[in-house]
Amino acid sequence: MSENSLAIRKFSDLANPTRFLALADRVLPWLAALTALFFVVGLWLSFTTEGDYQQGETVRIMYVHVPAAWLSMMCYSVMALAALGTLVWRHPLADVSSRAAAPIGACFTFLALVTGSLWGKPMWGAWWVWDARLTSVFVLFLMYLGLMALNRAMDDPARSSRVSAVLVLVGFVNIPIIKFSVEWWNTLHQPASVLRLDGPTIDPEFLRPLVVMAIAFTLLFFTLHIAAMRNEIWRRRVTSLRRLAARSAGREM
Amino acid sequence: MIALFLRDLKLSIRAGGGAMIGVLFFMTVVAVIPFGVGPDLNLLARIGPAILWIGALLASLLGLDRLFQAEREDGSLDLMLMQETPLLVTVFVKCAAHWAATGLPLVIAAPLLGLFMNMDALAIGATMLTLLVGTPAITFIGAVGAAVAVSLPRGGLLVSILVLPLAIPVLIFGVSAVYAAIEDPAPFLPPLMILAAITLFFAVIGPVAAAAALRHASD
Amino acid sequence: MRLLAEGLSARRGEDLIFNDISFALGAGEALVVTGPNGSGKSTLLRVLAGLLMAEKGRLKLENGPPEIRHPSELSHYLGHRNAMKRELTVAENLSFWKNFMGDSPGGSGRNLVEAVEAVGLRGIAHLPFGYLSAGQQRRMAMAKLIVAYRPIWILDEPTAALDAGADKLFAGLVNAHLDTGGIVIAATHQPLGLERARQLQMTGFVGIDGGLWHDA
């Protein structure tokens, strides 16, 4: 019982923006250094492993493309969790988290789309095809941009947080569609080859750099996300200070 | 006048991202088309220029109704009407700022969407060039509609209805210039020159008509 | 400089709002327009500002600068709305109007810092206009009157959202403008605290006027 309440207190401690800022200051340098380390190793592996006998050198694009695509979905899942936090527990940091994640997710999605079409041009002969996987990822990209536009349009975070949380949750239906689109429909995009129930179907030669790069991308996401949350908290503090300044100005006369 | 241009630019970047919403709408409209006509790449490549032009036309109509209505609602329009500087110059500068904030991003986003439509480099270049030349005309025509509808509640839809028929020549010559560039026998320059002429013509007619409408709409 | 109004009358839609109003104002003179709601105060001011066409009568400027087509080009108009953008900062708003309007011949506007100080709101010019309270917004709209020089001020209910302190401050601004040879025309319910003000009592049009479509 006491352990449980301690956990709850720890949790609500984290909800305190000041505590969060202190924690972020301590964690960020380490996280950034770790990210850089993994990227160095991952990129070195990506460029030194052998090329595919069919795809040749273009297979190396996959080491960026696949992690970016994973992250684009994970980022939305983080946003959906944060949206739940906003709606159910009214956690003050949940909205900050969701708001900070949207541009990062958009960047990862854009990266996945760009690397995908760079790969698609030599392999499929077209920059873009309208198959289920590609289209649903493009829809995800549009959703990220739409959420960013919504967040910008409403300048009062207290009111906009609920509205955008509802939208995030509604949009979450797209994530399973993206994940299973390659299995439900017969598409040009190949099906999953790493995360499968019967073990990966990919050669260990390619799996090693892919896993390292995936870890590097995940770390990069958390680094950027914590930094963006810190910026968002600071931005809100600046806004409330300015409102305070406006209220107190001209009082003396 | 530079002050007015910069102010309108700042407003469209800051207030709820009016500039960004236009591009988003453009992308969404173009992305919807393949669902309707099917993912046949050859077909998409053939109709791509037309789709991009229609998308750009609709997207550039999107924010037009606020061009003068926002000024009227906070009283700025009254002050603009009173100045010594001719109203048509003010209208022209507002149109230029509106185009720079909403039309120019469409031109820049067009190549990306061209790739989605499986268009080749020549078609994409031609579409970009014609959009660059043609979209200002849509803004100038739209300014007339926006000025006529300035005092109406829910004028937004009305502006689109008023403006779309007038913008049809722009669409015709824009799309035919692109197809002339792709398909060999037809020359590219004449339709492009006509498009440029339409833009220049409306750059004069539009502000004059819009200024006249604004003078009479004030009450 | 003299501002002359001769036999002005105006309509809104079909209704005749007022009929045959004449006055003459010289440099340094103020006209306070009073009257109940609906008596046509705002309409009169919009006619003077050139925003409404007068049905009959003339508005003239004597001994003014020669190249002026209508007295409105020498006028400031402060209507019910503040003509400021909520999304821009106060300083951006004011400097835009200063640049856009420019100065009329015969004077020069004050710089932003002085203007903001004159309305007693030093130190918040960097804030977005939307952050300010209604009274503060009104005072910033008044700062607009002094960043660009205009000899004629046309003010519609200028002190509606203001407290007593700001009232006094505003009376100071108007008196300073009159001292430098300006002309002020203000519609108001409240006494503005102006020393040499003349009164114009509006009663509204009471006669019978059927308008264009009536047979009388």
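Chains here go by letter, A, B and C, matching the order in which they are written, and residues are numbered from 1 within each.
By our rule, contacts are C-beta pairs under 8 Å (C-beta built on N, C-alpha and C of every residue); 3 or more make two chains touch, one makes a residue touch a chain.
Composition by chain, UniProt nomenclature: A = Heme exporter protein C; B = Heme exporter protein B; C = Heme ABC exporter ATP-binding protein CcmA.
The structure displayed is predicted, hence computed values, not measured ones.
Farthest from chain C, judged by the mean position of CA atoms in each chain, is A.
Of all chain pairs, the one joined by the greatest number of contacting C-beta pairs is B-C. When every chain is reduced to the mean of its C-alpha atoms, the one closest to the centre of the whole protein set is B. Centre-to-centre, using mean CA coordinates, chain B (Heme exporter protein B) is 37 Å away from chain C.
Centre-to-centre spacing of chain A (Heme exporter protein C) and chain C amounts to 55 Å, using the average Cα coordinate of each chain. Taken in their complex, chain B (Heme exporter protein B) has these residues touching chain C: 1-4, 7, 10-11, 14-15, 73-76, 78-84, 218-219. Chain contact summary for the complex, chain A (Heme exporter protein C) toward chain B (Heme exporter protein B): residues 117, 126-131, 135, 138-139, 142, 145-146, 148-149, 152-154. Remark: chain B (Heme exporter protein B) residues 16-17, 20-21, 24, 27-28, 31, 34-35, 39, 41, 44, 115-116, 118 touch chain A (Heme exporter protein C) in the complex.
Of all the residues in chain C, the ones that touch chain A (Heme exporter protein C) in their complex are 120-124, 127-128, 130-133, 136, 139, 165, 169. Every residue of chain A (Heme exporter protein C) that touches chain C in the complex is listed here, in rising order: 155, 242-243, 245-247, 249-250, 253.
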